[in-house]
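In the two complexes below, chain A is the common chain; its partner is chain B in one and chain C in the other.
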Partner chain A sequence: MARFEVSQAIEETASPPAAVAQPRAALTRSLIGGLVTSLPVLVVGLLILNFAPTYYTYLALGAFVNLIVVVGLQVFMGNSNIANLGHSAFVGLGAYGVAILSTPLAMKKLSIPNAPFGFATLQLDPVSSALIALIMVGIVAAVSGKVISRLSGVAATIVSLALLIIVHSVFLNWTNLFKGNQAFFGIPKVVGLPWMMVFSVVVIVLARLFKDSRWGLQLRASAQSPQAAAALGIDARRLRLMSWVLSALICGLAGVLYAYFAGTISPKLFYFQMIFNTLAMLILGGMATVTGAVTGVIVLSVGLEFIRSIESGVTIAGIQLPQLLGLSGVALGVVIVLCMAFRPSGISGRYELDELLSRLFRRNAK
Partner chain B sequence: MLSVDNLVVRYGAVSAVRDLSLKVGRGELVALLGPNGAGKSSTINALTGLVTPASGRIVLDGQDISRVRTEDRIRAGLTSTPEGRHIFANLTVGENLRLGAAIRRDPKGVRQDIERFLALFPVLSERYGQAAGTLSGGEQQMLAIARSLMSRPKLLLLDEPSLGLAPKIVVQIFDFIGELKAEGLTLLVVEQNARQALRFADRVYVVSAGTLRHSGPPSSLADEHGLFNLYIGG
Partner chain C sequence: MDYALQQLLNALAFGAEYSLVALGLAVVFSIMGLVNFAHGEIIGVSAYSVFLAAALGLTSPIVAVLLAVAAAALAAVAFERVAFRPVRYAPTTTGLLTAFGVSIVVQNLFMLLISPKPQSVSILNGLNQMWFFGPFAVSSLQVMELIVSGLTILALVLFLNRSTLGLAIRAASRDFATVRLMGIKANRVIATAFAISGALAGIAAVFIIARRGSVSPDLGFSLVLKAFVACVIGGFGSLAGAAAGGMLLGFIEVGLLVALPQEYGGFKDALTYVIIVALLVYRPEGLLGQRVELGDKEI
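Right after this comes the complex of A and B.
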């Protein structure tokens, strides 16, 4: 995936020579870059907030959750270049965390009356529940990250997959706490589109700051050439662990927000379907950049919604098309295959939105 | 400055380096020569901490660093440029240089050093914001050496700087290595290309099959013509 594209690189115009960045200037640039990248998200969100019917608002909320998950996924995958197939476990842990902590007692009597550790009689406010849930996610991430960061490549990916299966089995079988296969309902619905937009922007900026930080740069370098990075004294394990935990926390936040807007969750939401959806989004958009994560979510969310409308059978020019159930699943697979075959670096390639814009302006100015 | 005593490096049952001892004095350029698979790179990797030696002592400036992490060896002043350059092709020239200073915590000094290298190598300055993979082989080797120098080493280990480069470029690279020596840097250069390595070398070690076969001034190699041919091949 880290294939070097010579043609693309040769096209570039050289930056002004000897423009050695001042540290503070670099920080500001990366901050502004993050904000520029989140601009399209804000525009889409505001449009939906003000003009769209309720049904679309609901869809948009789901898309925003996916956005946060995909950005979280990018933090680990994009910088370490290791495929992660376990991130929705953290989304699930975040969601179940707040479900167990913040659901009103009356509801708990119905759903988890026999919860251990006194959770059946405990009800916290949404904010403290979210914080505690995220701390739990952080702990699970730190422990699993200890294992993952020692591995690289396929081995790490397999461990991430194992983590997904373990967490899913716990959700399914620890029925006293997680209610098993049944839906966990009654979670306070305290998050709407505005909050979702705020957190999306925060997460996008955070991901960009990490990518441009010395840790992000060192991690990207060690992914490209482990040997050279080691010879320069770069501790790849520590950096992988760091990005794994940050990635997990962002995914956990997505789960918290999902639970707080949907009010009802179940284990299957946080399983393979979510992994494939979000992975396809990241690959399509381009995993090397935060811009890629955002692009992939926007393109594939709109695309999948369009396909879903065809799926149920539509009438075009008087011809009734048959029902094409499962079309969206096929489309997802096709997107991944085509993308890997023809544009492995995704839609946005190697550059962030702000970098592309500044390149464009510079070229026009000449 | 550096002294290695009875170094042994093993990969499983295979010994790559057997009982190797060598010394590098301050300001010296020492060449470590030998054919492919002689254990030269294993020696370098043991010196930088990328592999743990089975036994033996590595002492830098009186401090035993045999079991110290790579990071701390770099802090102590020992940096290496790995074989085959291994520049970060997708990252810019500037980012490559910054990464060379990964262990440093003085942003101002790092910036000054980057500016110094850009002044020294106009090519790197022209391509500062460009992906390092667009550089030619020789330019990449220059970048790799400059990147290592970003950690401000006292002793630089160069692993096969001539690898895969055209003869004309190799001469340029060694001219630069000679300049580094003239500036007072201590160097240990591992090479197969004996002729170039001997241009600036103060002393030479020849290894083969993991053991030291010869040591002495460069002229001693030229005298014992048989040895030269046997281990270096012309």
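Right after this comes the complex of A and C.
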């Protein structure tokens, strides 16, 4: 089957006339495809917005942040087939970026009075803070991506981990700017569920457009067969860099949104726990497709919440169970291991939601 | 002079420990292309079995050392049997993510079954003393670390060069299919590689317990991250590269500790990784790795 996919991807790459003849039709198709994929997210979001109590709204906001992170992760991992274990560094950079730029001055006097470069006396509005934070994320991503895109798969993964450790260590130790281990509070809470939904849809569509674009297709082809792709003149390094930066920007956006809804952030939020969670979501859903990313987030968010309620000690039939710290971690790990052993392509396999639907209808029509 | 010598010994001891762990990773990777993120948890299993044995009344340090090595080797073989065999022929990324999953499961099992907090283990504290050589005071642990690592690496080299199974392991890292055609069982080669890798991790675990005097669920994780980095600088899959990379990492770390002022000490890890990433810009294939162009024939 792998060989079939290779030849299929290369055929698609090698036959530009069809793509050139109807670029607009292809664009419309993946645009609609992205919108169809984001439909379940919208439905869940609207239901929660209208009917759920506040506690669940808060949980849903967290899940939406995870959704954006996982989609961002998919942009790099799904297309280049290189495991990335450092993406939460970009989430952290985005969140701290807006925290430093947009926190009101009165708060800053309490939290980071000695910030360098005049940040202690600077306060920008949320939108321009977000833009500047994303530009910073983009710069860090471009520099790290330069290194990572040159390396082979395994070394690239290890360097992505090294990046995570570098960024985390800077958060912890540059106390004047990042407040170290303590929570950074007082960030304006300007994002609610509606904005979160808008950005989720935008990000899902963006990821889908990238996947279906020339670059996405070429990158997927080069991941499946480097030799064949190189023979067709595909510059895999440039494409890996491109998807790395896009992926980082999406993760950075997730960080910005997280900071703007939670109001308080701390470095440990953007460390291994986030990597574990989001990676398990992507793997369970299937990393080859954007649909997979969405599916994984929905399934695991619900599943994890259930497990967490057991973890904190529940009473079943009058018997009080003890606290079971670590249960959710075990569950996440088991999900990853079982998925890899029995269904490496995840729940959704290699078709997007709209492709599945259209196949289904076509079969029924026959 | 005293200070310089002390730092040199520090660097050698750190480097020796990284080399041991990195070699364990490289042995497995060179044969089956598995990036074993669960290597740290092999160290963890080894340390926790010493902790449990001590809690059950074990007092002899020698038995504890043997137990640590045996438990680690067994754990490594068990991980292979349970988790890595189903993904043996899968792409590298699949194996890597499986190992990552195993690592999460085992770390959380320690939390769930024992405790999320560090547990004290004093049985091996006797290894950590001060020895006086004339005017010099050195830590016995560091000297032992250096000697034991050296001997272990020597034993590994002898095993790989002189025994049939060792030869099979080296051959398997080049061309597994042909090794199997020669009548050598794949399962045996892989199980041996994992046992070696585990034993090396067990030796590292002994030194970790002796130095820290406690065990915690994430005990081996950060060490293994460093060992991975050592493998990457050395050239992934090359055994000599792993050993050399580990030593280099030890020297970079101690060099930074000496060079950085006290208040910037926290940036040691960050700077170490920055230096290494910078090295990789110039040699993406690692120091001792070979540049393989696409389409090159395996030699």
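The rule is simple: the second predicted complex is superposed on the first by the 339 of 366 C-alpha atoms of A that agree within 3 Å, B and C clash if a C-alpha of one lies under 4 Å from a C-alpha of the other, contacts with A are read in each partner's own complex, and residues count from 1 in each chain.
Note that in this section contacts are C-beta pairs under 8 Å (C-beta built on N, C-alpha and C of every residue); 3 or more make two chains touch, one makes a residue touch a chain.
Just so it is clear, the structure is predicted and the values come from calculations on it, not from any experiment.
In the overlay built on the shared chain, the residue A:Q227 is in contact with chain B and with chain C.
After overlaying the two complexes on the shared chain, residue contacts for A:R350 are found with chain B alone; chain C is out of touch. Of the two partner chains placed by superposition, only chain B is touched by A:D235; chain C is not. Contacts of A:L217 after superposition: chain B is touched, whereas chain C is not reached.
Within the superposed three-chain model, A:V159 lies in touch with chain C and out of touch with chain B [touch as defined at top]. With both structures placed on the common chain, the touch criterion links A:A106 to neither chain B nor chain C.
Which of chain B and chain C touches more residues of chain A is settled by the count: it is C. On chain A, the surface touched by chain B in one complex and the surface touched by chain C in the other have residues 227, 230 in common.
Residues of chain A touching chain C in their complex: 81-83, 85, 144, 146-147, 150-155, 157-159, 161-163, 165-166, 169-170, 172-173, 226-227, 230, 276, 279-280, 283, 324-330, 332-337, 340-342, 344. Only residues 48, 50, 70-71, 73-75, 79-82, 86-92, 94-95, 98-100, 102-103, 107, 111, 114-115, 118-119, 125-131, 133-134, 144, 147-148, 151 of chain B touch chain A when the two sit together in their complex. The part of chain A that touches chain B in the complex is made up of residues 2, 4, 6, 9-10, 12, 14-23, 214, 217-218, 220-221, 224-225, 227-235, 350.
Of all the residues in chain C, the ones that touch chain A in their complex are 29, 35, 83, 86-87, 90-98, 100-112, 116, 217, 225, 228-229, 231-232, 236, 264, 266-267, 269-270, 273-274, 276-277, 280-281, 284-286, 294-295.
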